[in-house]
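By written order: A, B, C and D. Residues from 1 in each chain.
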Amino acid sequence: MNITTFIGSSREESNSEQLADLVTRGIKHRKIYLKNLSIQPIHDLRHAEGGFQLVSDDYDTIIKAFLESDLIVFSTPIYWYSMSGIMKNMIDRLSQAIRDERFPQLKEHLQSIEAIVIAVGGDEPRIKGLPLIQQFQYTFDFLNMRFSTYILGEGNQPGDILQDQQALYQANLLNKRLKHL
Amino acid sequence: MNITTFIGSSREESNSEQLADLVTRGIKHRKIYLKNLSIQPIHDLRHAEGGFQLVSDDYDTIIKAFLESDLIVFSTPIYWYSMSGIMKNMIDRLSQAIRDERFPQLKEHLQSIEAIVIAVGGDEPRIKGLPLIQQFQYTFDFLNMRFSTYILGEGNQPGDILQDQQALYQANLLNKRLKHL
Amino acid sequence: MNITTFIGSSREESNSEQLADLVTRGIKHRKIYLKNLSIQPIHDLRHAEGGFQLVSDDYDTIIKAFLESDLIVFSTPIYWYSMSGIMKNMIDRLSQAIRDERFPQLKEHLQSIEAIVIAVGGDEPRIKGLPLIQQFQYTFDFLNMRFSTYILGEGNQPGDILQDQQALYQANLLNKRLKHL
Amino acid sequence: MNITTFIGSSREESNSEQLADLVTRGIKHRKIYLKNLSIQPIHDLRHAEGGFQLVSDDYDTIIKAFLESDLIVFSTPIYWYSMSGIMKNMIDRLSQAIRDERFPQLKEHLQSIEAIVIAVGGDEPRIKGLPLIQQFQYTFDFLNMRFSTYILGEGNQPGDILQDQQALYQANLLNKRLKHL
């Protein structure tokens, strides 16, 4: 069972990262800080002559993480009621990656991955975070990834998430399940 | 009546841009291609000592456009059921801009702006684009901008949007209304 | 091509009915006023000994309409951001109908039906009517019915819908398509 | 602190009722089984001459419960991704009640009520129950009621809810909070 967590916050030890850490506590996993990678926005050339062009940035790290994982935790702050821009750029580039001839097995491998979403926001996240969850659901449906569960936590100031008993409990439940996989 | 259109696609003459052009046809307006600007992802330093740091990129162009506009058209392709990453980065940085001491009047000015959203996608946009519309709504609510209307169009290949009669009609209706403002 | 329209309003010539009439104008179809039928709320006995009990009301009219239709228009006012209670009771009873031994072919027949939703409300229906559309989508997905399109119209006072140019145009477009089926 | 729970299921000891019972365990409260009341669907006469007509059913019980409560728990099974028809009919009639001259203080009193929603379903309730939550939110917003929290539980067979640890935990948390009100 290979687990990767993508950290989509721009802060150190953000609330969403802390919550993801609880989910994976005591479990071997890989953690990728999107803020430390250089990921270009997608240049959509699906219908252009020649198709997508090779981009010289760190995106291969992302593709490899997908290829080597059985379970992926997408951890993002809720910025303006959706995922952070750096995580959105990572997702957008999947359109290119699944057509990349260097990774012919990517599309099929995605179908074997379980996805978990951790999102933390300050403005009624359990209600106003719902469109974000629906978008992840449509995305995973499209890719045939299994969206097993999500946690919407509440937090604004650093560390706030440790006061959200419901989110902490969900993280602990999930941690127990992952330990038994 | 000053109108600005933000173009969030990474393509030339994208479907979403074409639809926005119909909305603003024959009307004096400014058009900003996000793909031609350098906009850094937000580095959330709200709670850090010293607060946000000055970022040296093209974001001031965005802030000025907001400050000089009475009506803004947000035109975006639907990438993975939400706005493009480059538009998301633009939105995210508003968190910094509304705290930027150089623009003390920004927050108040936003409250006088009318917002229109144009989004075009290939996978059942009138249903699967709904979470995107809800997120814009929450965002405009937070900023007290007036979200007057939106158009969800269908298109995949370049030019497809010109076959979507419903979207074209909505664009024409909106164009007539804007001409009489 | 057999078309049935379910009218879910409690008013005469409601806005939602008027809009549905435009969609089916000049086309042979059947119209069922839910307010004129007696439909009991579902009594969920799925897991009770003996299962569902025969209910003596007008629901067989509904089942027969489903069985005889290729296309169904669900026309409802938006009451409190969802369908009317009388339409909800009609939908709820489907749980019983698809298990009713008297209609063994119902479940399979539903999979061949195209569904259209017409909903009219007074409080920002194109945004606040979205959860209603999502619920219809989940429902049709579950039943494997094809949800081809929907119209969200704006209206409060009787006749208001005739001022909603966008909804009228969508109704006309749809009318043209249905005429060519 | 007067608490009322509306039970919207058509079953005895339904999963949604059991979950609501955990929320109110050890706390004085009133429980109203909608299935035991006769509540007519609304007949929308807002714009008709003479307005709404007096309906002779049990709805006054509902109005009085609203008037006497500081906190209301709406407990419903998720039928077809929304609230049960009997609960929908109860909600719809509020349109009449807030205009009922016999209860001039209702509209204002609603603004002082805290609302909690408990909904249990069998088909991915934490995702597919979200439109239901959004509808409650729009409804409470319209009425200026405070929507403090909700629980989406998973259950199909009677008693299933007792296996949903996350829902049970949320119920316990909420129970503790209510005990200290």
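The rule is simple: a contact is a pair of C-beta atoms (placed from the backbone, for glycine too) under 8 Å apart; a residue touches a chain by one contact, two chains touch by 3 or more.
As the structure is a computational prediction, the values presented were derived from the model and not from experiment.
Undergrad: Have a look at A-D, C-D or B-C and name the one that copies the A-B interface, over half of its contact pairs being the same.
TA: Repeat interface, by the over-half criterion: C-D.
Undergrad: For chain A and chain C, let me know how many angstrom lie between their CA-based centres, rounded off.
TA: Whole-Å distance between the two chain centres: 38.
Undergrad: Of all residues in chain B, which are in touch with two or more distinct other chains?
TA: 130, 134 - these are the residues of chain B that touch more than one other chain.
Undergrad: What kind of graph do the touching chains make: line, ring, star, complete, other?
TA: Graph shape here is a ring: one loop, exactly two partners per chain.
Undergrad: Taking all chains into account, which pairs touch?
TA: Touch list across chains, by label: A-B, A-D, B-C, C-D.
Undergrad: Name, in rising order, each residue of chain C that touches chain D in their complex.
TA: Those in contact with chain D are residues 9-11, 14, 35, 41-45, 47-48, 77, 79-86, 88-89, 91-92, 94-95, 123, 128, 130-132, 134-135, 138-139, 142, 157-158.
Undergrad: Any idea which chain A residues touch chain D in the complex?
TA: 126-127, 130, 133-134, 137, 147, 149-150, 165-166, 169-170, 173
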